[in-house]
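What follows is chain A paired twice: with chain B in the first complex and chain C in the second.
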Partner chain A sequence: MEDSRGPRLFADLNHAFRKDPVIDEYDFLPVTEPQNNASPLLLVEHKLGLELWSVRLLFRYAYNRLMTWRDRNQPSSFIDPQELTNLTRAVLLIQPDCYTAWNIRKELIDNGDLSIADDIRLGQLILTKFPKSSETFIHRRWIFQRLVNQCLSSSNDSTASADGHHDNGGALLCMDGIDIALGPDANVGPNVNGGEAGRRAGGAKVNAALPLESSRLLAENLHRELSVCERAADSYASNYYAWTHRAWVVQHCFNCSLRVLLGELERTQTWTMKHVSDHSGFHYRQFLLTSLSQRASRLHRQYAKSLSSLIDAEHDFICDLINSFPSHEALWYHRKFVFHMMMSSSTQQPLAEDSAAVLNGDVLHGAVLKSDGQKRSRLEHHSPNVLKQEELDSVRKTVSQTKESFQKTLAKRYQECSSTPIFKITFTVDRRCTPPDSHYDPAARDIVRVLTAGSLATGVRVYLIRIQLLDLAVQSGVAWSSCHQHYTSLHPCFSDPASGSGSPVWGSLVILSPALHQSSSMFFRSSC
Partner chain B sequence: MWNVLALDGSNWQRVDLFEFQKDVEGPVVENLSKRCGGFLKSLSLRGCQVITDQALQIFAEQCRNIEALNLNNCKKITDLTCESLGRHSHRLMKLDISSCPELTDNSLKAISTGCKYLEHIDISWCVNMTDDGVDILTKACPRIAVFICRGLQHITDYGIEQLAIHCSNLKKLNVQGCQNVGDEAIAAVSNHCRGLVSLCLSNCTRVTDTALQALGTGCHNLRTLEVSGCTHLTDSGFQSLTRNCHELQKMDLEECIQITDATLAHLASHCHRLSALTLSHCELITDEGIRHIGSSPSSSETLTVLELDNCPLVTDVGLEHLVNCTSLQRIELYDCQLITRAGIRRLRNRLPNLRVHAYFAPVTPPPSVGGGRQRYCKCCVIL
Partner chain C sequence: MRLYSLTVAYKGSDGVVKQLKAAHELSSFGYFQRGSVREFMDFTSKILIERTAMCSRSSVKEQEYICHVYVRQDGLGGVVIGDHEYQQRVAHTLLNKVLDEFTQRYSSTQWPVLKESDVNFPQLQEYLQKYQNPKEADAMTKIQTELDETKIILHNTIEAVLQRGEKLDDLVEKSEGLSLQSKTFYKTAKKTNQCCIIL
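And then the complex of A and B:
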């Protein structure tokens, strides 16, 4: 008896999706007992509601069927691919962390039984209910990676068939230095026609049409993916899964195209303004700024924008936010990051300018100079010391003016951090110099001692000792916290036996002030 | 000894590889056909998607006495397979090539040249097949008794007419989802195939009452009629059908949204062998209609399955009319929102073996009294 409702609920769910393929949101309704003999699925304006009592029955039915089918030990009954798709959908809508179901979907995609567009849509739907579902993000990464690979392979193959593919794959996947042509319409229109023609021709052309299809999907979905991430971040505070995924998309699918980076910088501005106490959004902006700083010269060349003006704008933006929304720690952390970036870029600035000038002394560059000349950013004509003084002054002003105690505390803490000299020493330890049986690297230990002693002598606070083992996959958290305990001597993990005796280990030892790295200062806040 | 016997292909007459469909590849079929040769009579490769033409061509050459062949869902096979079947398998009686989308009319032509004794053919979801192929096939194979062509948009009235004219032995016809099959085809079938027992017209949306009238005049032996989704059918059509077809046992009237209690009254008074009745989504059905079913002279003996889901007007009173249907085994009541728990409980009390399917939690017998008393653990008893 109990079982009879499962199949019906499952059929109801499939019926709902057949009736409305573009369901864009769903949730469980808090109805614990069936009130009348009505279907527990409500479908109103593309929103699907499931009464709570049915969720368990539906899940049990779909999950059991799926797992019995999957079980290699049992003689599995045959399930139609379409049915499998529906079963996995039912399971994932209720429990998106069931990676077996995701893997079955991967297989279905591989066999061509499930269209990628449908799968992308399901993930999108699941993220409205479970915005922090990591398995869903992982699956989406798999899809996009697959699409990207298909496009890349097509652009590689297209030496043989030099028709539309090449432009297509190349334009979309922008090997280093080429930006993605934005606006799916411009790019996709002709390709779609090409794809259809290929399909009509059938046979041999089918294979050729596949990359076309995937590039079309990619173009359609990549931009949507960014807004999917934004929505997920909106609906769950500190949703680092969503932001990490977004960063991944920017890095791997857009290949950190400048245009996308700049667009994202502008786009997330409103988001961060709405979520001033959520550090995750600022963290993403930090990722954007760092990526931009790595491409500073190209930024200058292509967009006539200097990195310093961007950082400057960011600094104004964050100061403005701090004034408008006092007492939010996340804002101050971001300010710390921006300020550090200002400092480091002001020291590198002349070099970058020179290299840009050397690289192209053309008309564009002249235009840049002219346009920048009128409104040169603070960074460009201030030395680091002046900058720092300005920053300290403005913080001091905040401390004196603010009435809120927490804001004052935050400002004071910031002041402290920025007044300590930024102190960064990186050196490399070569394990090859030491006998393989030694657990401690004497050379490295000595250096640490010297450093800590030196900092003690000059009165500098040592906030963090971070050991980076370059080819050792030691979880940074473990290494750091143990460093915290033993930072006068090196911890054994530095010469972890797992690293393999004999094989060279390269490590670098970094001492940073928290101004450099705010997240690590949360782990290590001790003065010696 | 057993091993030798077991491996001796001549002892293998029926082989079904459905259980191993994921693993069966071309060489398996080739070996099998070499080993069994002319002894193999029945082979099912249902769902063996990796099987190709090559393997089946060898098979057709080796196993010339094959009588029943099931190639359902062997998606890779093409017309070449059917050509070699037509060339070699002259004894073929039963052929299932459904869901093989590569096959075209040429397959039917090839089969029609060789397989004269064909009785049972299933070409469902072979989306490229058209009237022409059916025409040629039916002309050559007059023994066809079972013809199944679900979901073929290119099959029209003409094709089914040819089938009816040439294969007057037709017992079972299934044209589910063939949107272009309409009243004319059914008229031809009722004219020529008087022995028709089973007819499925589900989702043939063009079918109207005319078809039911034609069936009433021609096919008096009809036992199974499935017309779910034929929204044009009305009470008057079913009236003329039931007046003449008294043998009806299984009726699927899902989503015949125009029918009312009158149809049920006709069914109850004329069709005394009715065992399964589906009325899902027939939204005009009321308690009165259920009363007709429940009070029919034969309903207590024959009716086993009654599906009333999504009939919004049916109430608990309607269920009370069913208490005489003692052989009723299953009743579907999903989404009948006027049905209450109490109504279901009353029905279950009268018909304890009935499985009631509704959204309410199924009625479970109350937990046995006693046993809930304080218990001692074993060691306490020993002490």
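And then the complex of A and C:
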């Protein structure tokens, strides 16, 4: 009985996709028993419903056939590529975690038996039902990486003329260039919803070697990919998979182009406003801001925008949210991040200038870069102390005004964190000191704990300003050796080239840490 | 931050609750779930008004949803169902407004005989849309003072609102407002511990 139902269901499913190639949503219907002789598939308004009882049968049939075919030990029966594509589709719609099926699809794409457009669309469909499917995201990464590589191999000549204003050099993909090169084709636009354009591509001629085809696909799909991520993040709270993928797309497909970074910053503002308790969206914004801060000078040149004005705007934005929607911890965490970014860019303006400058030394006193003719942001003419005072005042105001007890707690916690002084630490690493044990200085242990806890989680920002390898005697009696180990693992530049000689490592650090305890603060004050 | 449904109902002196008008915003749910979700929201709204005393407010948490209930002295009641991010005070302000406007539209003598199909009250859907974004609904500033006189009772589950001996499963089973599909939905969702649907 079951044997005959499996193939029939499979045929039904394929028929549904033939009938309506733009199915944009599917779900399992809560029908646990077959009720009449009708097909358990329902197709309305591009939505596909599968009755629950049939899902198991369908999956078992498709999965078994696929795995038998895949099994190298058995004499494999021939399955033609189209059938194989359908089988993987059936399996993945029900169980997108089956990476073997995704891999089979990769092979099909490689052989030119499956169009990339179709595959992208399937992933998109699956994400409506399983918005957190990491396998789906990973597979999509593979597809996009492939498209990008194909474009890269050809874009150097085709976009060379458009490349002038971009200082990435020709080696990297220039998205702006591709957009321009594609002018007429790109008019198909990102909003065709996998419709006609995709169908045409899906026909027969998808030849993996066609760079034009892949750049068209890329241009068409990249912006849509951002929307796909947004939808996935919308339908599942704290969907870091989706946001991580989005960050990946921005980094690897858009090559962190400033236009995209700024656009994304603008775009996610609405999302975060609607999901004030979901930190994942803020995390993505932190990624955007960090990426922008690494390109501050280019930002200034191309868009006449200073990084500090962006941070300032973000600070206003988050404060406004905190006031409007009290008692959400995620908001306070984001504020912490923004505030630290503010502080670090005001203490170390050149840091923001270019990440490469970090290790160049001589930037300790941070001559503040001023952009003439531009309205200066709060950041640019305030010293860190003034900034901190303002911040503390505003938090104090929140504490006194709010009626919600949790908001008060959060504000107080924030206050404690941000009132921790900023240290400029000069420390020595001495390998001759005894290794850490139970007598290990609690303050030093605290620092190690904080540093190892991961900078993102605690909001710690460790900026390495300058490392000088000096043959100096031990300055402080604290056992820093283990700290040294941790620094080395965090920042490889800490490793001592003169290792073995026993010379201590001299370094200067600025630690902005809200997570340091009061005792450690005291310790640092005395040791600086 | 979302509102899913807004319901106005009348609670007679005998305790029988009659839904007068309901508005829904279910676009965030899957296409095939919407029917059941709507039924469950109506069902929940009804049992909450039934179990809320006259002249009192409460907010009932259920998974990631919160149902805000207000029943007035004259028996007119309202329920707004939103997610956990939606501010309680704004939701209760919305209820105040909606019930006031409804009273202006239909006088209290009409309520016992009014049928849901005859009620013409499009403002309900408008309010539901407008209040999706509380910042735009200009409700943020005034509410602090307006609501202070009535205390809002908080419950952590719907079960906590039910009377002694009552069970949600039985209520679902007995309900006439729920289709067979919704009941199966409820059971399967409960079995697999999904939180895709209210209740």
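FYI, the second predicted complex is superposed on the first by the 344 of 528 C-alpha atoms of A that agree within 3 Å, B and C clash if a C-alpha of one lies under 4 Å from a C-alpha of the other, contacts with A are read in each partner's own complex, and residues count from 1 in each chain.
In this text, a contact is a pair of C-beta atoms (placed from the backbone, for glycine too) under 8 Å apart; a residue touches a chain by one contact, two chains touch by 3 or more.
What you see is a predicted model; the values in this text were computed from it and never measured.
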Which of chain B and chain C A:Leu29 touches, first, second, both or neither: second
Touching partner for A:Ser4 - first (chain B), second (chain C), both, neither: first
Residues of chain A touched, compared between chain B and chain C (which is higher): C
Partner chain(s) touched by A:Phe325 [first = chain B, second = chain C, both, neither]: second
First (chain B), second (chain C), both or neither touched by A:Ala38: first
Chain A-facing residues of chain B, complex: 18-19, 21, 47, 333-340, 355, 357-364
Chain B partner contacts - residues on chain A that touch it in the complex: 1-2, 4-5, 8, 33-34, 36-40, 54, 75, 78
Chain A residues touching chain C - in the complex, by the definition given at the top: 25, 27, 29-32, 42, 44-45, 47, 49, 52, 128-129, 234-235, 237, 273-277, 324-325, 328, 403
Of chain C, residues touching chain A in the complex: 1-2, 28, 30-33, 36, 64, 84-85, 87, 133-135, 140, 144, 181, 184-185, 187-189
